[in-house]
Structure formats: C-alpha cells, structure tokens
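Listed below are the structures to be examined.
In what comes next, chain A is part of two complexes: it sits with chain B in the first one and with chain C in the second one.
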Partner chain A sequence: MGNVRNIGTIILQIIILSIFYLIGTWIQAFFNIIIPGSIIGMLLLFLLLMTKKLNVNWVSEGSKTLIKLLPLLFIPATTGIINYFHLFSGRGVLLFPIALSSTLMVILIAGTVSQYLGRKRLRNHE
Partner chain B sequence: MITLLGTVFFCVLITLLSYFIGLKLYRKYPKDWLNPLYTSSVLLIILLLVTHVNGDTYQEGSFIFNLLLQLAIVSLAVPLFKQWSLLKKHYKKICIGVICGTGLGLTAVSVMSYVFHLNEQLTASLIPRSVTLPIAITISSDLGGITTTTVFFVIVSALISLIIGPKLLKRAGIKSKSAKGLAMGTSAQMLGANRSLSWGEEEGAMGSVAMTTSALFLSISVPIIATVLNL
Partner chain C sequence: MNNILIGVLALCATIIIYYFMQKLYKKWSNPFLLPVLTSTIIIAFFLLIFDIPYQTYMVGGKWLDWLLGPAVVALAYPLYNQWNILKTYPLSILAGIILGAVIGIVSGLLLTKWLLFDDAIIYSLIPKNSTTPVAMEIASSLSGIPPLAAVFVMIAGIGGAVIGPTLLKWFKIHHYLGRGVGMGSGSHAIGITKSMENGEKEGAVSTVAMTLSAVIVSILSPICVYLLM
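Right after this comes the complex of A and B.
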C-alpha cells in the first residue's frame, strides 16, 4: 500500500514540475528568447523555492526520480544517429577527433582551474 | 490510432528493455566504458536494425522520453536549492572554472574547424556541443547548423567525458570534490551532473550548477561571437 502511495506522490509531483515547464515555454514563446522553456521553468521553480513560496517537499520526490532516470531519457536522442551515418564519411570523420580533444580540454581546464582556486582559498584562510 | 498506440508501446518497450540490460551489465561490471547510456543505445540501434523499424518512426514513438527529459531539466532546481549555501560559498570558483572550461572548448572547436576547413554548417553544428541539449539545439539552429548533428555531438561529447573523464581527473591529480563535479558538469552537462552525483552530494550539486552556468554563459556569448566573426 505504501508503495502505491509513493508512486502516486511521484506522479503528482511530476505534474507540478510539468506546470513549471509549460509556464517556461509560454514565457519563451511570448518574449521570443533564446533560453529554452525548460531552463526558464527551472529558474522559476528555483526562485519559488528560494523565496519559500513553495515547499521543497512538494517536488523533491518527483525530481529525485527524474534525475535518477536521466540516462534512460537520453537513449532515444542518441539513437537518432541512425539517420545520420552518412555525415561521418569523408571530411566528417574529422568531427570525432575534434569532439574528443576539445572535450578533454574542457574537463582538464575546468577541473584544474577550480581546484587551484579552491586551494588558494584554503591557504588564505590559514 | 491503433497503429500509433502500438508504435508508442513498442518503442517504449524496446527502450526500457535495452536500458535494463545496459544497467544490469553496468551493475555487474562497473567500468566507466560500460556506461549504461552507451551500451543501451548500441543495443537499441541493433534492435531497431534487426526489427526493421524506421529511425523516424522510432523517434515519433519515443516522444514521451523527450518530454520527461525537459521535466528533468526543470527538476534540477531542487538539488540547486538544497546545496545553495555550499554554492554561495564557492561562487567565484564556479564562475571562473566554468567560464575558462567552456570558453576554451568554444575556442578549440572554432580553431580546429578552421584548420581542417570544415564547412560552415558543420562548424555551426559543433560549436554549441558542450551545452545542455535543449539549449544546444536552439543555438545551433540560430547559427545555421544541422540540429540533429548537434544532438549527436552533445551526446558524443558527454559520453567521451563520462568514459574518459573520471580517469583523466585522477591522472591529472584533481581530487577536490567540487572541482571534480564542476569539471564533469561543464563537459557532460546533465549526464556529468548525474555521474558526479554518484561520487557524492557535493560533487553532484557542483555538477548541476556547472551545467546551468555553462548553459547560461554559452547562450549569451555564442550569438555575440557569431556576430563578431561575421564582421
């Protein structure tokens, strides 16, 4: 019985999250801005949580479930590559080394810079 | 109507099936290169080829996953809220780390595309590849890129960082919890934030804030850079 109630809570909370998504897409369409509706919805939800207009317990279970399922939600988009195999012929092959090297650079520089700043901060505190 | 329902049912079913097999495999052999997203996608592609399901039909039938993905982005507000005090303490580190990482990625892609003489359309599809998916699509179409290529490269970049990232960070001697989360969030966005969450709460929070910061930074800076380059 507890399990059924749990699933009910999750579904209800996901519905609350969809309201934020809908409002986000409306705002995006109305003001014609580049930032996607989902991000606007996220910022709105964050704002309401911060100003204590909305209790975090109203959305935390639904949010936890969705975030846990992220890899599953990405599968269909990844599979879309079936239709674009032809892009990787000829010069398109170069896209792979470009994606690989630039991604590794991003990881290294973001990690190194923030670790360096973190250490400096610790030293200043001593 | 019946065929449409059947298609949706079939698509959801084979997606779930591939996901659970991929997940089982990863639980049994927890290696980074066996990341469930990658194994499940390969499995699903094989399934689609074997069952002769058209790629477009599958995309139509699996729309529910894309909708839930949008909702998952909205729900990132919750970890952000829960870890706010931690983030406020580190805001300088976050902003500088993310901007350096994202900025360098942007420069690297533009320079390499120029050196290798890629056409404008491909370059435009590559530039937004390290932002979270929905934003990347918007930026790509604004720049005149092919959105599906962008989708693919966002995911390839994320997979590269998921598979190589944790090892690379270890090799480079990056041990700080927040630096690890930040690097993963900047390079693999949603998936990186998800991966950092498996290290711990602090890493996970850093991951999702890094994703949001880099998304906001890119959606503002890319249109400006594009205008400057056209001059």
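Right after this comes the complex of A and C.
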C-alpha cells in the first residue's frame, strides 16, 4: 500500500508543478513577456520556497521524479529533427562545428572565470 | 486506427525504447550512448522506414512533451536545495555563468550570421547551451524552430560532455567550482551527469549553473538579438 500512496503523492505533486507551469504561461501571455512561461513558473515556485510560503515537502517528490524523467520527456521534441534533416545538408553541415566550438568556448571561459574568482575568495578567507 | 490508439502506441513505444537505452547506458556509460540520443535515433529511424509522419507520432508524443513545462518548474527544487553553495560563492559562480551565457549566445549568433544562415536557424541556435525545454521555448519566442533548437542543444550537450572534461584539464581547471560552472553552463543536464561522476559538490555547482544559465539565457537572448541582428 505504501507504494500506491507514494505514486499518489508523486502524481499530486506533479499536478501542483503543472499549476505553476500554467500560471507561468498565463503571466507570460498576459504581460507579453519574452521569458518562457515555464521559467516564470520556476522562479515563482523558487520564490515561494525561499520565503517559506510553500513547504518544500509539497513538491520535493514530484520534482525529483520529473527531473529523473527529463531525458525521456526530451525524446518527442528531439525526434522532430526528422522534419529538418534538409537543414543539415550542404552548407548546413557547418552548423555542427559552429554549435560545438561555441559550446567549448562557454565551458572553458565560464570555468576559468569561476575557478579564478573562487580561489581568490578562498585565499582571502584563509 | 483511431487517434487514442495511435497515441497510446507512440507513448508506450517511446517509454519502452527509453527504458532499454537507459539500461544500455548504465552498462557502458559511454557519452555516445546517452539515452536521449540513442532513443531519438531509433524512433526517428523507425518513423522514416515505415513512412510515419512526425505529426502522427506526436499524437502520443505531445503528452510527454507537455510535461517538459512542469519539469522546468521542478528545477526550482535543486536550486532551493543548493542555495548554500550559491550563497558561499555568489560572485564567482554568477560571473562565470553570465559570461558563459553571453559568449554562448553571441558566438553562436555571430558565427551563423557571418556564414549567412537563415534567421530562423540563427534563432534556433542562440539558446543551445540551455536545457532543452528552455531552449525550445526561447527559440519559439524568437520565432526560431523549436525542434531544431533541441537538436543544437543535443550537440552542445553531447559534444561538451565528450570534449569538455579534457579541455578543462588542459587549461588546469581542477577546482570543482570551475569545472561545475563550465559543464553546467555549456552542456546543461548532460554536463551535470558528467560532473556528478566527479563528486556531489561539482554536480551541485553544475546544477546551479544549468538552472541559472537557463534563466539568464532566456533574458539575454532577446536583448542580444535586438542588439546584433
């Protein structure tokens, strides 16, 4: 029976998260904001958690489950590539090295800056 | 066949394929066996061979797709949980993430613009370093192509997870702060998986980087487009 209750809790919490998502999309549509509704919902939930207006136990199990399932949820979207294969032929092949080199720059520079500043802070405290 | 049956079939097939691909990945844990990548290839191959339109598959696929929204909302939970790390090193982490976000957007935008790619392709490439649901939402709000954005996100994630750790080693980025911020900013959830292999601290920093970077990229993308396009 414990298992059934667990699944019930998870489903209920996913419904709570869905409500935040819907509120986020409404806010986005109503104020015509360019930030995605899901991000607005996330910030809203984060705000309520930080100000203790909402107990973290109300969303923890549902959140863990959805985050664990994230790769599965991506699949229908990524399968959409089959409609866009033509974009990667000919000159489009260049899009691969562009995306890759840009990403490696992000990793290297973001990493270097954070490590440099983090170490400096650590030294100042010692 | 009626729509509900098609939908249930598509849904079950996706879940079953993902289940086995995850088992495969756990056995060999090679970045190229990433479940999203292998499952997508199998399903795409299947649809192409049997000449099934993507729209038909999406009758069931859209149910999973919709859940991406609540899944992004759920990222508030790790962010809340790891707030302590962020509080200890706010400037070091934030500076790295913001600079990373700007570099990712601007370099992608300028490279594709110089090579004269269509606007829709440029807009789809811009958010590649954020996590898929966010990237797709950003692409759609910039009038890019969301599924194409998802493909670029996969290139950023897998490419970064394969090459990133070696690159960081070459440039002597050994501290968990630097490695975590780098992997999370560049390669989102796939980078986090890689960071977790180096311990919980790096994984936590990486999660913070991905989450904050998603927010920052979604704010900066329209601004950069306005300034540079």
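Basically, the second predicted complex is superposed on the first by the 126 of 126 C-alpha atoms of A that agree within 3 Å, B and C clash if a C-alpha of one lies under 4 Å from a C-alpha of the other, contacts with A are read in each partner's own complex, and residues count from 1 in each chain.
Simple rule for what comes next: a residue touches a chain if its C-beta (ideal position, glycine included) is under 8 Å from a C-beta of that chain, and two chains touch if they have at least 3 such contacts.
All figures in this text were calculated on a predicted structure; none of them were measured in a lab.
S.K.: Once the two structures are overlaid on chain A, check if chain B and chain C clash or fit side by side.
M.R.: clash
S.K.: Would you check which partner chain A:Gly118 touches, where first means chain B only, second means chain C only, and both and neither mean what they say?
M.R.: both
S.K.: Once the structures are superposed on A, label A:Ile7 by its partner contacts, choosing first (chain B), second (chain C), both or neither.
M.R.: Neither partner.
S.K.: Give one of first, second, both or neither to describe whether A:Ala29 is in contact with chain B, with chain C, with both, or with none.
M.R.: After superposing on A, A:Ala29 lies clear of both chain B and chain C.
S.K.: Once chain A of both complexes is superposed, is A:Ser60 in touch with chain B (first), chain C (second), both, or neither?
M.R.: both
S.K.: Using the superposition described at the top, list the residues of chain A that contact chain B and also contact chain C.
M.R.: Overlap of chain B and chain C footprints on chain A: residues 14, 17-18, 20-21, 24, 34-39, 41-43, 45-46, 49-50, 56, 59-60, 62-64, 66-67, 69-84, 87, 91, 94-96, 98-115, 117-119, 121.
S.K.: What does chain C use to touch chain A in their complex?
M.R.: Checking each residue of chain C against chain A gives 14-15, 18, 22, 34-36, 39-40, 43-44, 47-48, 54, 57-58, 61-62, 64-65, 67-81, 83, 89, 91-93, 95-97, 99-101, 103-104, 107-108, 111-112, 115, 117, 121, 125, 128-129, 131-134, 136-138, 141, 145-148, 150-152, 154-156, 159-160, 163-164, 167-168, 171, 173-175, 177-183, 185-187, 189, 191, 209, 211, 214-215, 218-219, 222.
S.K.: Report the residues of chain A in contact with chain C in the complex, numbered from low to high.
M.R.: 14, 17-18, 20-21, 24-25, 34-39, 41-43, 45-46, 49-50, 56, 59-60, 62-64, 66-67, 69-84, 87, 91, 94-96, 98-121
S.K.: Can you list the chain A residues touching chain B in their complex?
M.R.: Counting only chain A, the residues touching chain B are 14, 17-18, 20-21, 24, 34-39, 41-43, 45-46, 49-50, 56, 59-60, 62-64, 66-67, 69-84, 87, 91-92, 94-96, 98-115, 117-119, 121.
S.K.: Going by the contact rule set out above, which residues of chain B touch chain A in the complex?
M.R.: 11, 15-16, 18-19, 35-37, 40-41, 44-45, 48-49, 55-56, 58-59, 62, 65-66, 68-82, 84, 90, 92-94, 96-98, 100-102, 104-105, 108-109, 112-113, 116-118, 122, 126, 129-130, 132-135, 137-139, 142, 146, 148-149, 151-153, 155-157, 160-161, 164-165, 168-169, 172, 174-176, 178-180, 182-184, 186-187, 190-191, 194, 197, 210, 212, 215-216, 219, 223
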